[in-house]
Structures are given as C-alpha cells and as structure tokens.
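As written, the chains take the letters A, B, C, D, E, F and G, and residue 1 is the first residue of each chain.
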Amino acid sequence: MQGQQQQAYDRGITIFSPDGRLYQVEYAREAVKRGTASVGVRTAEGVVLAADKRSRSELMEPASVEKLHKIDDHVGIASAGHVADARQLIDFARRQAQVNRLRYGEEMGIETLTKTVTDHIQQYTQVGGARPFGVALIVGGIENGEPRLFETDPSGTPYEWKALSIGANRADVREHLEAEYHEELTLEEGIELALSALSESGEETGLEPDGVGLATIEVGDEQYVDHDAASIEGYLDEFSLLAAPEAESEDGDEPVDE
Amino acid sequence: MQGQQQQAYDRGITIFSPDGRLYQVEYAREAVKRGTASVGVRTAEGVVLAADKRSRSELMEPASVEKLHKIDDHVGIASAGHVADARQLIDFARRQAQVNRLRYGEEMGIETLTKTVTDHIQQYTQVGGARPFGVALIVGGIENGEPRLFETDPSGTPYEWKALSIGANRADVREHLEAEYHEELTLEEGIELALSALSESGEETGLEPDGVGLATIEVGDEQYVDHDAASIEGYLDEFSLLAAPEAESEDGDEPVDE
Amino acid sequence: MQGQQQQAYDRGITIFSPDGRLYQVEYAREAVKRGTASVGVRTAEGVVLAADKRSRSELMEPASVEKLHKIDDHVGIASAGHVADARQLIDFARRQAQVNRLRYGEEMGIETLTKTVTDHIQQYTQVGGARPFGVALIVGGIENGEPRLFETDPSGTPYEWKALSIGANRADVREHLEAEYHEELTLEEGIELALSALSESGEETGLEPDGVGLATIEVGDEQYVDHDAASIEGYLDEFSLLAAPEAESEDGDEPVDE
Amino acid sequence: MQGQQQQAYDRGITIFSPDGRLYQVEYAREAVKRGTASVGVRTAEGVVLAADKRSRSELMEPASVEKLHKIDDHVGIASAGHVADARQLIDFARRQAQVNRLRYGEEMGIETLTKTVTDHIQQYTQVGGARPFGVALIVGGIENGEPRLFETDPSGTPYEWKALSIGANRADVREHLEAEYHEELTLEEGIELALSALSESGEETGLEPDGVGLATIEVGDEQYVDHDAASIEGYLDEFSLLAAPEAESEDGDEPVDE
Amino acid sequence: MQGQQQQAYDRGITIFSPDGRLYQVEYAREAVKRGTASVGVRTAEGVVLAADKRSRSELMEPASVEKLHKIDDHVGIASAGHVADARQLIDFARRQAQVNRLRYGEEMGIETLTKTVTDHIQQYTQVGGARPFGVALIVGGIENGEPRLFETDPSGTPYEWKALSIGANRADVREHLEAEYHEELTLEEGIELALSALSESGEETGLEPDGVGLATIEVGDEQYVDHDAASIEGYLDEFSLLAAPEAESEDGDEPVDE
Amino acid sequence: MQGQQQQAYDRGITIFSPDGRLYQVEYAREAVKRGTASVGVRTAEGVVLAADKRSRSELMEPASVEKLHKIDDHVGIASAGHVADARQLIDFARRQAQVNRLRYGEEMGIETLTKTVTDHIQQYTQVGGARPFGVALIVGGIENGEPRLFETDPSGTPYEWKALSIGANRADVREHLEAEYHEELTLEEGIELALSALSESGEETGLEPDGVGLATIEVGDEQYVDHDAASIEGYLDEFSLLAAPEAESEDGDEPVDE
Amino acid sequence: MQGQQQQAYDRGITIFSPDGRLYQVEYAREAVKRGTASVGVRTAEGVVLAADKRSRSELMEPASVEKLHKIDDHVGIASAGHVADARQLIDFARRQAQVNRLRYGEEMGIETLTKTVTDHIQQYTQVGGARPFGVALIVGGIENGEPRLFETDPSGTPYEWKALSIGANRADVREHLEAEYHEELTLEEGIELALSALSESGEETGLEPDGVGLATIEVGDEQYVDHDAASIEGYLDEFSLLAAPEAESEDGDEPVDE
C-alpha cells in the first residue's frame, strides 16, 4: 500500500502528501545524495571548500568535473547532485552578484546571495510547470570581514553552518566534522579537516590529487583561490590522505555527479 | 477504501472531497505540524513571540534557523512549518508593510497586515497551478497602542488570539496556555508563559538558550526587540526552564522545520 | 461501484456526472454544511442577521470569528462555510458596492449586489483552473425602503427568502423558521426568531453571548447595526435563550468554520 | 465494462466516445432534465411561455425562482436546468439584443438571437478549459409580425417549434402538446395549452398560482407581458387547473432547478 | 484487452494509436454516421444537394432542421452529423466566401473554399485543447462554368465526387449511387437520383415532402435554389418516391442529427 | 505486461519510452504505412515521382486523391499517409519556396527546402500540445542542374535517396528498387522502374491509369510535369504494367490514404 | 512492482523518481545508445572526429546520413542518437557561433559554445511542455591554439575528454580508447585510434569507406576539414581497417540513427 500511496503524489507536480511532505522535493534530495560529496569548513582565517571530483574515466579531463565555482572575488560555491541543474543555479548566482556590484557599487553579502538563490529554488517547488532543482550548494565567502558558510537544499531553505558536507555519505561525513571541528581552526587546519572529511565520503582509503577540488577564501584578501593539483597533492601528502597508487577508480557503484 | 478515496483528491490541485474538505490544505496543515513550535502571548504591556529553534547539528549556526522575523518596527512574525514557504510570506509581509508606509505615511495595522497575507495565501488554495503554503504564522504587534496577536493558517483564514501556539504538539501547548493564561499578565509573565509553553512542545525537559528564539514588542515604544542568547538564558534560568546540561539534541524523531 | 463512479468525476475540474450533477459544486455545499450556522430573518421593520460564532478556544478572540460583515451602510452579509473563501466574496461585494456608489452616486440594490456576486461564483464552477467557492452567504439589506434577504450558494444561484439559515443543521433550523415565521413580525420578534433558530443549529441548549453575532438593518435609518455582546446578552436573556453557565464549549465534533 | 468504458470519456473535457457521442453534453442534458419544466406555445396571436416555479420552501420568495426572463420588449426566454448557468446565457442574450438595437437601430430577430446564443453554447462543447452549459432555453418572441419559438440545448443546436417543453418529464409533456396543439389556437387557448401541459410535468394534480410563471408576447403590441399571480390564478381557475388547497409541496423527489 | 488498449488513446486529445489511427477522428466519424443522410449529385447541367431532414416531432418546424445551407450565390453545403458543429463550419465557409469576394472581387472557387474549410478542420485534429468537428459536409457549386462536388470529413481531408452521400447508411446509399449514376444525367435525372438515394438511407419506404431538403445550382445561372415543399412533393410524386400517408415518423432508433 | 508498459507512454504527448523510443512518432509511422505507396526515382536526366492514387469508389474523382504536389517549377512532392496532415506540410513547403524566391530572388534548393520541412516536423515531436505529423514525403527536384531526391519521415529526419518508396509495403518495394536500380537510368527507364515498383506495392497485378499519378522534373528544363492519364496509360502499356480490365478495385483491406 | 513504480514516473513530464533520477533523461540516454557510434580523439596536433554513418540501404545517399557537422571554421560536432533532435542542436550551435562572431568579432571558444548548448539542453529537462533531447554530441575544435574536445549528454551536462565515444557499444569503445590513447599521439595516430575505435562499435570486422565519416581540425590552420571517401579509404587501408568486400550491411539489428 505504501507503493500505491506514493504513486499518487508523484504524478502531479510538487504537491503535499497526507503527512505534509513534498515528495518531489524529497526525491530531489535523493538526487543530491547520488552525487559525490562536497565539504565546506569555516575557520577564523577564512572559508575552505573541497569537493570529490573523481571522474568516471581516465580519459575525462578532471577540470571538466565542475564542483567548485567562483561566483565573485569574495565568494565561491561547491555543489553536489545533478550537474546541469547546478550550472543553472551557479549562473543565477553569478548574475545576481554582478547585478549587485553594478547597482550598489559593492560586493553582495554572502547571506543575501544565498537567500536570493534559495528564494529562486523555492519557486520551483510551489509553482507548477517545472520540477525542483536536484542539487545542493555550499555557498562560502567573506562578508564584512567575516567568513560565512551557507547551504541551499532542494526545498529552498537556507542554513548557515560552521562546517558541513553535501552529497554522498552525508551522515558519515557530518559525524567526522562534528568530532573534529572546533572554532579556533587555522585555515590550514580547516583544509585538513575538509580533506579528511572528504576522504570519509568515498569507499576507498585516501584521495587522489586529480580527483579532488579545493578552494579557499581568506579573510585577509577576500580572494577566491582555486588550488591546483600540485598544491592539493602537497596537502594530501602533508595530511597523510594520499591514496595508495594502485587501482584506478572503477566505474562501479560509487556515486558520481551526472 | 479510505486509501482509494483519498488518492482521488490528491491528484488534482486543491479540490473538494465529497465531505467538503480541501485535502491539499489539510496536508499543508500536516506540514505545519512537522515543524517545531512557535508561541505567541498577548499581555497588556505588549506582545511576546517565542520559538523552538533547535538545530539539527551543533555545527549549524543557531541564528540561521529562522523562526522569528521582524516585519516592521512595530510588528513581528513567528513561523512554523516549511521554512522556504515561510520566507515567501515573510517577504510578502515586509513588502506590504513598506508599501503601506510609503503610500499612507503610517504604520500598517496588524489586522490589515494579517488579512493581506491570508488573502494572498487563499489564492494558492483556489486557483490552479500552484500548491498551498505549508506554513502557519503568528503575527504580533502594536496597533493604535493596543497589542494584537493573529494566526494565519494554510487555508488563508485569519484568527485573533490572546495566546496561541503553532507547529509541533499544538494540542498540548494550547492546553498549557489555556490553563495558565489570564488577561492581567505583565510582559515578563507573558515571557514566562511563552517559554514554559514552548518547553511543552518538545519531548525533553527544559530548553537550551541557543535553541530558543524570543522577541517582544512593548506598547510603550512599539519596537520589535529580538532577545539574544544571554537574555534568553537569564529568563530560562529565572523561570527554571533551563535544560540540564547533558545530552545533545539527537537528530531523532523530533519535529524540525525543513 | 458507487465509489469508482464518483472518483471519475472528482479528478477533473468541475464537470458533469452522468446524472447531470456538478460534483465539485455539491462537495462545496458540504463545505458549507461543515460551517456553523447563520440565520437571516426579514421583517416589515427591517432585516435581522444572526450567526453562531463560537470559537474553538477561550483564547481565541471572539471578534476574529468573522461571520457577519458590513458591506455598505444599508447592507450586510452573513456567511457559513470556508472562511477564507468567504473573505474573497465579502471583499468582492464591498468593492462592487463602492464602485456602484462612485459610478452612479447611489446605493447598490440588494438584488443587484447579490446577482453580481452569484455571477462571480458561477464562473468558478464552469471555467477550468480553479475550484468553486466553499461558502454560502445571506445578503440582507434595505432597497427602496423595502427589506430584502437573499442567499448565494456555491453553484452561483441567487434565491430570495423571507427567512433562512445556512450552514450546520440547515434542515432542522429551516423547520423551526417555517413553523414560527409570519409576515407581521416586528424587528424584535425577528431577532427572537433568528436567535431561537440559531439555538436549534447546535447540540447544546441555549446560546452564550460571546458565541453569537447579531446585526440588524432597519427600514427607518437603513443603517447596518452590529450588536455588541451586552445587547445580545439582553436579547438572549429576554427570550430565555441564554445557555446555562456550565461547561465550556468542547473542541469536539460540532461544526466550526475553518 | 460499460462502467469502465464510460469513465474513460468523463475525465477529459468534452471528447467523443467510440460511438460518436459527446458525453459531457449528454450529461448536461441530464442536468436539464433535473430542472422543473418550462413550456412554450406559439399561436397565431402571439407566443406563450409558462414555467413551473414551485419553490423548495414556503419561506422562499416565489419571484426569486427565475424561470421566465424578459430579454427585450419583443422577446422572452424560459429556462430549465442549472439556474446559475441560465443566468449567464440570459445575460449574454440581453447584451446581444441591446448591442443589436444600438448598432442597427432595430430589434434583433428571434432566430438571429437564438443562433447567436447557440453558437456561444457550442464553443463550450468544443474548446477545452470549460464545461458545457447545463441548461436549455425556450426563446419566444415576435419577428416581423410573426410569432417565433425556438429551443437551445446544451449541444448548441437551435430548433424552431410550434410548441415544446424543456425540463422534467419532457416526454409526457410533449405527448400532451402533440395531442392538443393545432395551428389555429387563440392566445388564450395557447395559455390553456401551456398551463395544462405544465400540469403534466409534475406528479401532483393541478397547479398553484404562486408556483407558476406565465408570460405572453402578442403580435399586436410586441410587448413581453409577465402575468402576475392573480392573473395566473384566474387562468388556472378558468381552465380547471387549480391545485386542491391541501398539502404543501414537500421537499421530496420532485425535480427542482438548482 | 481491446477495451483497455482503446481507453488509453481516448484520454488525451487526438493522438495516434499503435496502429497509426487517430481515435478521436474516427469517433467523430461515428458522430457523422449518427446523423441523417445528405446526398450530392453532379450532373452536366448542375449540382443537386438533397437531405433527409425529418424532425423528431410534428411540432418541430421542418425549416429549423438545417441540413442545406446557401454559402454564396454559386455554392451550397449539405451537412450530416453534429448540428452545432456544422453551424460553426458553415459560418466559417460563409465568411471565407465573403472575404474572397471583398478581397479579390470575384466568387471563391469551390475547390479553394473546400480546402480552406478542410485545413481549418485539420487544425482541430492536431493541435491540443479542442476536439475534432463531428460533422461531414458536401460542398457543391459552379466553378468556371463547371459543376463541382466535394466532401469534407472530420479528419480534414477533401475529396471530389461525382455523387456521394454522408451520414446514415452511407454504404447502402453509395451502392445505389454507383449503380445508377452516369455522366450524362440531366439535372432532373440528378434530382431523381439524389432523392431515390436518400430514400435508401432510411428504414421506411418513400419520403415525405416535409422531411426532405432539396437544393440545386445550375450551370446556367449559377444560383443556389432552395426548393420548397411543394416543388419537392412534385418531384417525389413524379419519381414515385412519396411515402404512403400512414404512420408518423416515430421517435425511434432512426438516426437524427443532434 | 507489454500492453501495460506501452499504455504508459501513450498518454502523455510524445515522450521517451524506457528503451529510448518516441512511441507517438512510431505510431505516426504506422499511419504512413496505412497509406498507399508513393515512389521516387532519381536518374541522370531528372527525377521521377509516382504514386498509387486508387480511389475508394468509382464515383470519386481520381484527381482529388492528392498524392503528387507541385511545390515550385523545379520541385515536387509525393506523399503517403494521413492526407490532411500532408496538406499542411505541402502548404508549408509552398510558402517556404515562395518566400525564398521573394527574399533571395532565386529558387530554393531541394536540400534546404527538405530540411526546412523536417525541422518543422521535428517541433511537433518535442514540444507539447500537438501530435506528430502522420505523413511521409518524397521531395524531388533539380538543384544546380543536379537531380535530388529526399525523404521526410514523422520524426523529422531528412534522408537523401537514389530511389525510394513510402507508404504501403515499403519493404517489398524497396527490395524491387534495390534489385533494379542503377545509376545510368534514362528518365524513361526511371519511369519504368517507378511504375513497376508501384505495382509491387498493391496486391493486384498491374496498374490502372486512373489509379496512378506520375510527375517528372527533367534536368533540361527544370519544369515539374504532371502526366495525364493518357500519358500514363501509354507508359503502363509500353512497360506491360496495365491491369487486366476485369474487376473494380474493391473497397477491401488494401491500404488507402485517409 | 518495478513495472508499476516506473509507470508512475513516465506519465508526467521529466520529474524525479524516489531514488532521485530523472527517468525521461535516462530514457533519452537510451535513445543515444540506439544510434550508431561517433568518436572524438584529441591529439597535440588537433582534434579528430569520426562517425559510423552506415546507411540502411545502398539506395540511400551516404552523404545524407548526417553525423559530422561543421559549426564554424574552427569547430565541428559529431552526433549520436535521434537525428532530428541533433539537427536542432546543431542549428542552435551554429547560430550561437555566428552571433558570437558578429557581437564580439572573434571565434567562440569551444568550452563556451559547449556550455551554451548544454544550458539549452538542461531547460528541456526541467521546464514542462517538452521532452528532453534524445541525442549526445561531441564538440571538438581549437581554442587559443589548444585542441579541445567536449561531450554533451541529454541531461545537459558538459564534460571535457581526451578521447570519447557516444552511441552504440559505448563501453567497448571506451575500453579500446582507454587502452590505446596516450597524450603524444600525432594527428595521424589520432585518426588511426578514432577509426579503430569506431570499428569496435559495430558487429562486423572492418569498415567501409562509404559508411564512415571523418573530420579533423588541426592546430595549425584551425580549419574544419571533412575528409572524402577516397581519403577515408586510404586511411582504412593504411590501418588495415577495411572491411572485406563481401556482404552488404543487412538491415538487421545493428543500431542505426533514426
């Protein structure tokens, strides 16, 4: 009967179930879980964004697995879930940030930017004729000299976090973050925490530099910095997170953004 | 057969069932019940709004759990239910209040504001192409020197209350309010009643300062005051409502706004 | 098979059943029956409107249970059924009455006003994309010195009555009205009939002043008068309709407008 | 299987069944049959329209049961079926007649008027987004000195008749008309035929003046005349059609326009 | 399984079935078969249109059973099927013919007129939001001194014929036409063939003048001539096609346009 | 289960099935197969179009069975399938060819014309609110002195062919074409091949001149020539393809365009 | 139950399934697999595009099987899947490239072009009223002197590759590419790899020149070069990839673009 019940709510565009849930939104959350993990960590010195960007084949250019996106000098976004949907929201966020600069002559606040995005997402859950976005975002940046870190989910709810992960194995990664996080992390400690958390999201031990994305925005210069593979390899080595140089990632059951 | 009957009314957008009910609206009320509680108390000295804003994780910024919203100097709103929907109505209320100031050069009345919001909500229950709002609001403020306290529900009906709660465990909390409320409450007694009512909405004994929101609007200055954690801790301590400093709120079955 | 048959007609927006009925309209009539009763009585001296406005809780402001509405000086409306829908029609009626004054410099006739409202209601039963209104109205007022009393129902049909009730227990109340009504009623006798009819609509004996609404429009001054609780208590006392001061109205199975 | 077959055609807006019928139109015809009867008789001296307008309660104003409608000086319409739908078509017909007078400075022909109405009705049976009209009309009037009598049905087909009935018990009434009609009827004989035919449509013997509507348009003055209760009582008495003054019309199974 | 298969294609607006048929169009053809027959015969001297226009009751005006329609001086149309749909196409054809005269100062060609109508019909079989027309037409007229005779069907296909019938018992009537038609028919022989073919379409022997429509357009004057009952009676008598003056046409199972 | 599976994909407008097919497009291809065959042959001297245009009755004008259409001086189209749909595409092609002449002062290329038509067809397979076209076309003509021969199918795909058939018995006819075609055919040999291929598409032996359409466009004059029955009879006789003058084509199971 | 589950998600336009997948997008990917393969290889000297363009019949012009498309001088696209859908995207890409040249006076970057196309594709997976595109593309070209090679899939996700295949037998071909690819390939080695990979996609051994498309864009001149059959035959011969000159490709089970 569970099956039948559920069918009824799937047919129409996003409507309520008898227990007050929006199934299409919950299914969109499943789409997020199917994607590889992204992690965000807020430290006193700045914000760290890290992402699992393993590709399905050694022939795919790692750079084309887009998980980290610069939105403006002072703000970046990490995504998890349906890649093409993420692109729409990233474009939307970039246009909003640009318009804000043009109209008000100043950087857009991280919270304002996040909420502009979530309000846009919410529309796709209430008004008919379209499906919700199957993607979650981590919005990180510097606002008035303070590091800020937000999450947007498919329902269009904004949350602010000290550290969080989205995508695969969220529960495990959160546990790791809750255990290791403290408020006095340096940026480098934040990077270590983000990368170690990321390594919890996959089934293998350790990470490969090519399969990881890392970006930081420091309080000092408020500049989004996209770390290259060499830099990442350095960190992984330093934190003993480098994968053993054995088998290629198989095209198996692991979550992969698509 | 109950199951089959019900299916029929779920498919289309908000239509009547044979017994004259609007199922989508009733399911939206379930969405409200899934949210954490908010409480409003009207006293002769002013209006008290309180909200359960426990977060799902210690890593989430308590401030980002939005349950209390300043609408204008003299009016605030507490919400329960679908967070992203609440944001739409809060934005709508703020715009209405602003427009009223610009157009008529004066504050918008609490009753007028409430009914503008409920008329907006009603449209989403009658005209096709969208679902109802899955959120209830407590609108509290000062109008012509008098404290006023209103409720909006997903059907778009406005009610005025002396004291009320929305969200989780509404029946229990109302019982508490009916037992303890009297017309001659001072503002501080109103705060005590609101917080003690809120503590009835959860399963644990006592409240944690970080997990509570508290706002007051006094008759004297007609200013929305958002109380900080220290102030709230003071009240909780004074009223013996502080939770024992033991276990973290588990990510269990308790209702959480989403 | 009855169940299956019926399902078929519920899915689409208001269409005919094989026996020529509009199910969505009939279900909307059920929504009216779920509401508390309103009564109208026409006397030679004026029109009486009375309504059961018991609230669900002692904490709810009785004044916020809107059942009687002044539309213009010379005309009022009593409603029963879905409250938020009633508000839409009341607003519509008020705008029509205002426009009539502005455009023609005179009061709108009661019959014209009623039919403008019913034509509006009918549109929601024929054109797709919306559901019918789940509310019935009693429109009462003075037109050319004559008291007039009309009913609008969810199908959009206007009827003129000498005395009528809408909402809960309509059949019982009508029987009472048919037995007691006569053309030579004074206004006070009309008030007595309206209140005694109202007391037939609930399960308890007698009425509480706070749970009753009463409005009159006399032929003499053509002014809508909303009677206050003291005035109502006086009438109830005079007509031996006061409830025994015992138990609170329980939040039970009695119909309540929502 | 008949049941299943039929369901399929009910869901969509007016589409063809495998045997080439439009079910929604046929169901709308059932709505007509559920209404009380109206009768039209054409005589050499003029047109007679009569209608069963018994009300559901002695408290309902007989005048508010609208079955006969003056459209213009020279033309009237009798209706049967869904009352609110009838009002839409009556309004449409009146506007058309007015526009014709304004635009061409002359009365609109009865046939032209009828076909303008039926073409309007047809649109609601072919284009999606609305249901057909659940009402039939008898359009009677004088055109170029000649009495004309037309019928419109829910499919939008115009027919011209010498005498006809619509609504309840149509087959019985038609039989009566076919047996009694002849071309040389005087107007008074036409009134007798119309009233006696009307008395065939109900289950009781005889008619009550208050429950009957009667209108005539004579060739001589081309003026729509709405006969009052006294005049009708005179005719009923003269033609021995008066109901015995016994029981009230019960609110039973008899068809009633709604 | 046939039943289930078919259901699937009936729900949506005109779509293809697995064997490449358009069910809604085929059902519309059934609507044509439900109508009384019309016949067209092309002779060297002109075009003959004849139609079965028996009415359902002796009280119905035979002239109001519209089966033959003058479109312009030189062209007429006979219809079969859903009457209200036919009126739409007849109006469309008349407007096209008028526009052609106004724009180009000359009569519209019969073939061009037909194809303008069929293209209009086709739109209702391909674009959603409306159902196909449930009517077939015979378009007959003179073009450049030549008699032309076309058919339009519910799919929107134009065919040119020497002689054809549409509506009830088409197969039998065609057989009769194929057996009797030859190219050298005079107009009078064409009338005889048309009327004798028409008499094949019903179940009774012979035709009644009032139940037959007859129109001719001769090559000589290119004028649409609508023959009156006397003229038709003369032909029926001359061709021994007069019905025996016995029983009235019963309101039985015979096809009747509706 | 096959049946159930399939039903699911038929209800909505053209969507993908689990194996990546567009059922509505495939069903439209079935509509093409239900039509009589058309054949195109490209020779060095020009293009040959031939079509089976047998009519359903001897009373139907063969010329009204439209299978070959002149689009412009240098290009013609042969169709198979749903006739009314074909007319839409033919009109579209003619307008495109005209617009090209007006805008660029030169003939439209055959390939460009074909692709403009197929792009139009594709829209009806992707965007909702309409069904695909149930027709295939052979577009033949001269472009820059070269004969070109294209096919359009219901999916909107353009193919270029040396020789092809569309409609009934396509597989058999193609086999015949593949066996007999060679690049050095003269135009007359091309006509022979087209006609002999056409004779493979039906069940009878040989062709009747009246039931065949033949058009050629030669490289020399680039003029579309529609061959008359006498010319066709000559070819059929010459190539021993004349049907024995026996039985009429019965209205049986043979495919016929409708 | 799998079957039933799935049905529910197929009916509406692209919505999420309970496990977070977009079935219509996944079914569109099946449409891609049904098409013949295309291959792209990036070498230091330029980009190679190759495609299996076997036709279904020897009478079809090989050139009309469109798999390789020049978009601008410096960029080409190879497609696999639904041909008519591919044409829409190719046209879209060409217009974008042209507009870029006009607006900015320079060539459009390969990555920008790809993402403009994928964003267009994404819209068809989220907004209702249309189905997704059933086609994948390989976009190859030179950007700032660097060879680039991208893939677009039906979800609207862009990926950059060193070498890839789309369409039939993708897994086998990828395996071949992964085994043979290295970064130092010369253009000729790239051609060899592309053609040998292509030969893995079919069931037969070897390729026929007419059934293969080959295009290259070299870093030196940035010119899209479409290789003719002779050139292709040369390469196939050189690389020992020529099919044995035996049997014709049968119209069997092999994937063919349609």
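Keep this in mind: a contact is a pair of C-beta atoms (placed from the backbone, for glycine too) under 8 Å apart; a residue touches a chain by one contact, two chains touch by 3 or more.
Source: prediction; values computed, not measured.
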Shared touch partners for chain B + chain D come out as C
Co-neighbours of chain F and chain A - touch as defined: G
Can you give me the shortest step count from chain E to chain G, moving only between touching chains? 2
Examine where the copies chain A and chain G touch and state whether the two sides share over half of their residue numbers (same) or under half (different). different
Distance between the CA centroids of chain A and chain D (whole Å) is 69
Taking each chain's centre as the mean of its CA atoms, how far is chain F from chain G in angstrom? 31
Touching two or more other chains in chain F are residues 11-12, 128-129
Chain adjacency by touch: line, ring, star, complete or other shape? ring
Output the ring sequence of chains, start chain E, direction chain F. E, F, G, A, B, C, D
Applying the document's contact rule, which stretches of chain D touch chain E when the two form their complex? 1, 4-5, 8-9, 11-12, 14-22, 115, 118-119, 121-122, 125-129, 150, 155-164, 174, 177-178, 181
Of all residues in chain E, those that touch chain D in their complex: 3, 6-7, 10-13, 23-24, 27-34, 55, 57-61, 63-65, 82-85, 87-88, 91, 124, 128-134, 258
